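Both of the next two complexes hold subunit A, though its partner changes from subunit B to subunit C.
For the complex of A and B:
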């Protein structure tokens, strides 16, 4: 952005940066996904590279196997570690596994509970998964969800005479707009002032929660909500309805659709290509003339709009009004989903369902095994640490590597 | 806050001043610890988890043994263990230290909530306090200026660390590793060892900060006890330009900001109570916006910080 024209120094830099663009891509995303990554980047990164089709196919196949096998192995290892943790604390690990499975996936009722929790997780995970393509680690998910839910409620209450559909559209629009602006602030602070986006995002979470508390205890407070200060409720007939005869609400569809759109945006559009180039090497991207600022701001807006939508869904389908239940840690769990899915939007769908199942089992662990409700949090932390460790394993095993031709 | 009730409007500055010392102490420990860690070239965002773990273990140990000082030691050791995990994991290839920090926040708070569950009810022996306003006839002023000995320990740690960085061989090693790891390696210094020790020592200090939270002020163990102070302290290190003594002044400023909300409520200004409670977070953001820059690296910033080398 701040390079004016092309000076000789820039040309040197450019020459130095080009190979770096390709290698940094592999480094930040791991060879597992690097095939999808570097394929469109090839013309910019290394014009000379023209890999033969068969070898490309085999590399892609082995790379994909690695990208599935290593996270799966990491989850397996963390399940074993969690078993040890349970055993040390006096619970039979196999009984705990059985309970989690029972609460999460064993019956249609359990599946519904799981999927209801998976919906906000998907939307929140994308808030971390999109900006990381730009090289930004943004963890303001919880704040964007809270702000989205709060302003969606305000907007829904501001149009008392609108039809249910119109109310929902207004609520979703307000939630996405405010959530998007919220994360855009984080992106703008990084871009214009160089403020560390991870720290500012986390601080914004606390500020969002303070704004929520201020609003539901002050201007938006329903005087009849005594124990748990809440806003006035959204009328029942205007709530998001469940799908068919299930207890699953439409938020799940929003989540899946959002994941597919984001996946397409990141991997198959020029905007996604710009994002990945900036994430690969920001100096090279600037020299190539990419509009780093506007791409950063737009990407952050999209990233924040999705948890904002999750907040709207939580209000309009689950809570019925804005109150501190909005701050239910979906945003923070979404960070884990994004890292477990290795920032791939399609993998986010699967991982959200897995984690949704784990969250659904929190109650049964407490009732049956007398484990505190923080048990699921310990498990999340364990999975998170093991999955990060597994990042260092990519490219270690020969079976996943292309054979030297 | 008791100071506000009997002093009228004068209660606000008194409470803010007292709060600067009282609420600033955890910031002081965490930021001095983070300063040491960052000087070696690694970021440890997980100090939020360390703070919670320290608060929980100090409270639990003080409950069990009846001695708060054993609790403080236990908190430091618990922090050091979490720091060891961070040190080991963040120095693997291709593993991002910021991501490890986020994971450590989740893991540390999970462990703290898990093991802390039985200690939410019982009372633990608290740390003693030294009265600095016993001359005053006003009990509100007297209680406002009761200061925990840990505060002076923290001040000593800040000055000692400045001396350590400036005048000792080990301080030089840490600075070298943080600025130019390759050069340090060429000098024959083990980068891994220096960073591991720096991260563990930094987490030890942060754990003591946690002990202060649960054993002095606010002086109980709840799951919301830290409220992001670990993260604010990390931001504060940037504001303090990686200088331990400036960390002290910045901590006092943040402690004062934290006391503002309750103090205003004490004198009857309660209309924006929740927003005033958010003032430390807002202040942190404002300070970061004012001090960071995209144009040049900040003075005092370790060269290898955030570069992944």
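For the complex of A and C:
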């Protein structure tokens, strides 16, 4: 983390924000900003903050332990609750756990399935995980994915003579640009007009889906796609190929790389510091002279570009053309992942893989245990509720607390 | 290895079929995998297929595996792969239209010994892998009969049709329903509302209410799950005709009849063929299988209590003509609802006519537009 004050503004800012950052959960108090919990604000101003190094170390250690123990405990509790659900439905819970493990993680075959499903979740989760640093709860992930996929297809079709690599670059660029602009609209509505970003993002999902349907039914429609209106297809040789001999496509690599870059951006750059400051206390950030508007717009652009890229991958690696299948609601699963990961970009990787594994095991629950098809949804819902509840447990246990200084 | 396994299974299958004993051991059973895009109890498209799967599961020597609510994404590829590798399925029935391209095509290349049967009739000779086949029914024949019953039951002569998208399959159902109704009551109109997507319960309920407010007294639909529409019609005290599966249980008073699939019949045909060692690859199972009332692909729901004897007689008379093959629904001169002639006088388009599969118009008597 970059803590050596880079500008006088940053120093003022650190002073202004200290009270807010010292508490484990900064409630944002800016006008109209929603109250959300942000990542533990570890030592932002370490040289100036005062405590002796050993106690600081110990606090960080205990804090980290808390941050791991509580979600892990929550997942454990939800697994037990899910076991009751299975038992009520006539399946042996332990056999179900074994099947989930078998279908998700027990072999390389299972791992491939898990990773294939995890790939789009990572990119979609970042759409929620980035703006939340600013105190914005954006759930327009699906819209950005759909718009990104649609315009990536349009761009790919617009360059019929380009080489496969060039086509993919053009598609990825168009997908990221359009997805980014889409979420930037949400950020701009918030910043300039005070429109609630959660509601506008949610509603813009439906606008995006309507645009997709309009385009594939109208201007972009391949007339030979009679009963499932689709755009013209991207030629096979220009599609994103799987990695080596696996069934995993390159979307997974994009997802992991994006998570690492975002993590670095948020935690180790001045820009990330500005974002977290705005999210921590927007008034203090304004007083300190931070460019709240441009940071908001840029952060929203990055947030939207990533699901836009996920949309491009869906077209270029899976579907081959734009049609209603693009709207498979990966975006909503992304919101779940972002919250489970407590908005930490590196944790997003892990949680996406866990959720991917859960999704991959949905089939075996139906085929072997004859559980209803909504079972994975029930499990996801349980995990989500328990995790949200567990948020209220932070700071409740002495063992995770700093010893009296 | 996978190929080896599946060829082994096929070999086992063939060997089993050759045995005279009717009680084949479970290990020699043929495994058929069924995949649905929505829940199995949706009172609609998926339920119709699930009922078909339940029908073949009763046959000796057949084992079925099922997975419901599988989206048209890479998830369906993984499901197909699991059914092949883990459950040993040798014949797959991924039933949603959107599973075909690219998902089934991709898997079919990976598993050339497994047969993929897709509902929708999209197979093109020479273009698609040899182990892919498709099947579909001329359900508009049953729609025509539904239209006759609706036309003779309606007192306002205004019928309502709530549809998902203006695509050829849907337009053909609307047109056949309308032609059926107008064949017995020429003054009948059919008001159409397109909701824009396959499953939009809220819009479907709103559309149903709005049509009823405009004086429509028989409602039907072409969406994935007719449940909401049928329930709304019953609640408002009007009549309705079902689609996909029977919704009579939802509307015991107002349900007249409905156009239903009979997938049990179709899947039993495939089960017998596969059990007898026939394959798509060697051509002993045709790549395109289609049929209507005559072939048992589609059927009419049993008539409800509100259907008059006159309506039953008229519908049965038309049905008899479908059964003996003398009925032609689309024949000239036929105008669309803008007044343009779409089928010139003297031209007959039989059910198999490829031009009917590109239908982009609404027949005279329909109020609505495909745009």
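The rule is simple: the second predicted complex is superposed on the first by the 355 of 405 C-alpha atoms of A that agree within 3 Å, B and C clash if a C-alpha of one lies under 4 Å from a C-alpha of the other, contacts with A are read in each partner's own complex, and residues count from 1 in each chain.
Please note the rule applied: a residue touches a chain if its C-beta (ideal position, glycine included) is under 8 Å from a C-beta of that chain, and two chains touch if they have at least 3 such contacts.
This one's a predicted model, so the numbers in the text were calculated from it and none came from an experiment.
Asks: Please determine, from the superposition on subunit A, whether subunit B and subunit C clash or fit.
Replies: Superposition result for subunit B and subunit C: clash.
Asks: With both complexes overlaid on chain A, does A:213 touch subunit B (first), subunit C (second), both or neither?
Replies: A:213 contacts both subunit B and subunit C.
Asks: Answer with first, second, both or neither: which of subunit B and subunit C does A:151 touch in the superposed model?
Replies: neither
Asks: Which partner does A:325 reach: the first (subunit B), the second (subunit C), both, or neither?
Replies: second
Asks: State whether A:232 touches subunit B only (first), subunit C only (second), both chains, or neither.
Replies: A:232: touches no partner chain.
Asks: Mind working out whether A:301 is in touch with subunit B, subunit C, both or neither, as first, second, both or neither?
Replies: neither
Asks: Taking the superposition on A as described, I'd like to know which of subunit B and subunit C A:202 touches: first, second, both or neither.
Replies: Touch status of A:202: first partner only.
Asks: Taking the superposition on A as described, I'd like to know which of subunit B and subunit C A:374 touches: first, second, both or neither.
Replies: Once the two structures are laid over each other on A, A:374 reaches both partners.
Asks: Is the number of subunit A residues in contact higher for subunit B or for subunit C?
Replies: B
Asks: Would you find which stretch of subunit C runs into subunit B in the superposed arrangement, from 41-49, 59-67 or 329-337?
Replies: Answer for the clashing stretch of subunit C: 41-49.
Asks: Based on the A-chain superposition described above, do subunit B and subunit C contact any of the same residues on subunit A, and if so which?
Replies: Comparing the two interfaces on subunit A, one with subunit B and one with subunit C, the shared residues are 210, 213, 217, 372-374.
Asks: Enumerate the contact residues on subunit B facing subunit A in the complex.
Replies: Subunit B residues touching subunit A: 45, 85, 89, 92-96, 98-104, 106-114, 117, 227-228, 231-232, 234-235, 238, 271-275, 277-278, 281-282, 284-285, 288-289, 292-295.
Asks: Would you tell me which residues of subunit A are touching subunit C in their complex?
Replies: Subunit A reaches subunit C through residues 103, 109, 113, 116-117, 210, 213, 217, 226-229, 247, 314, 318-320, 323-325, 328-330, 359-360, 362-364, 366-367, 372-374.
Asks: What residues of subunit C sit close enough to touch subunit A in their complex?
Replies: Contacts found on subunit C: 39-40, 65-75, 78-79, 81-83, 85-87, 97-98, 101-102, 120, 165, 167-169, 196-197, 357-358.
Asks: For the complex, give me every residue of subunit A touching subunit B.
Replies: Within the complex, subunit A touches subunit B at residues 2, 27, 30, 89, 137, 139, 189, 191-196, 198-200, 202-207, 210-211, 213-214, 217-218, 332, 335-336, 339, 371-375, 377-382, 384-385, 388-389, 391-392, 394.
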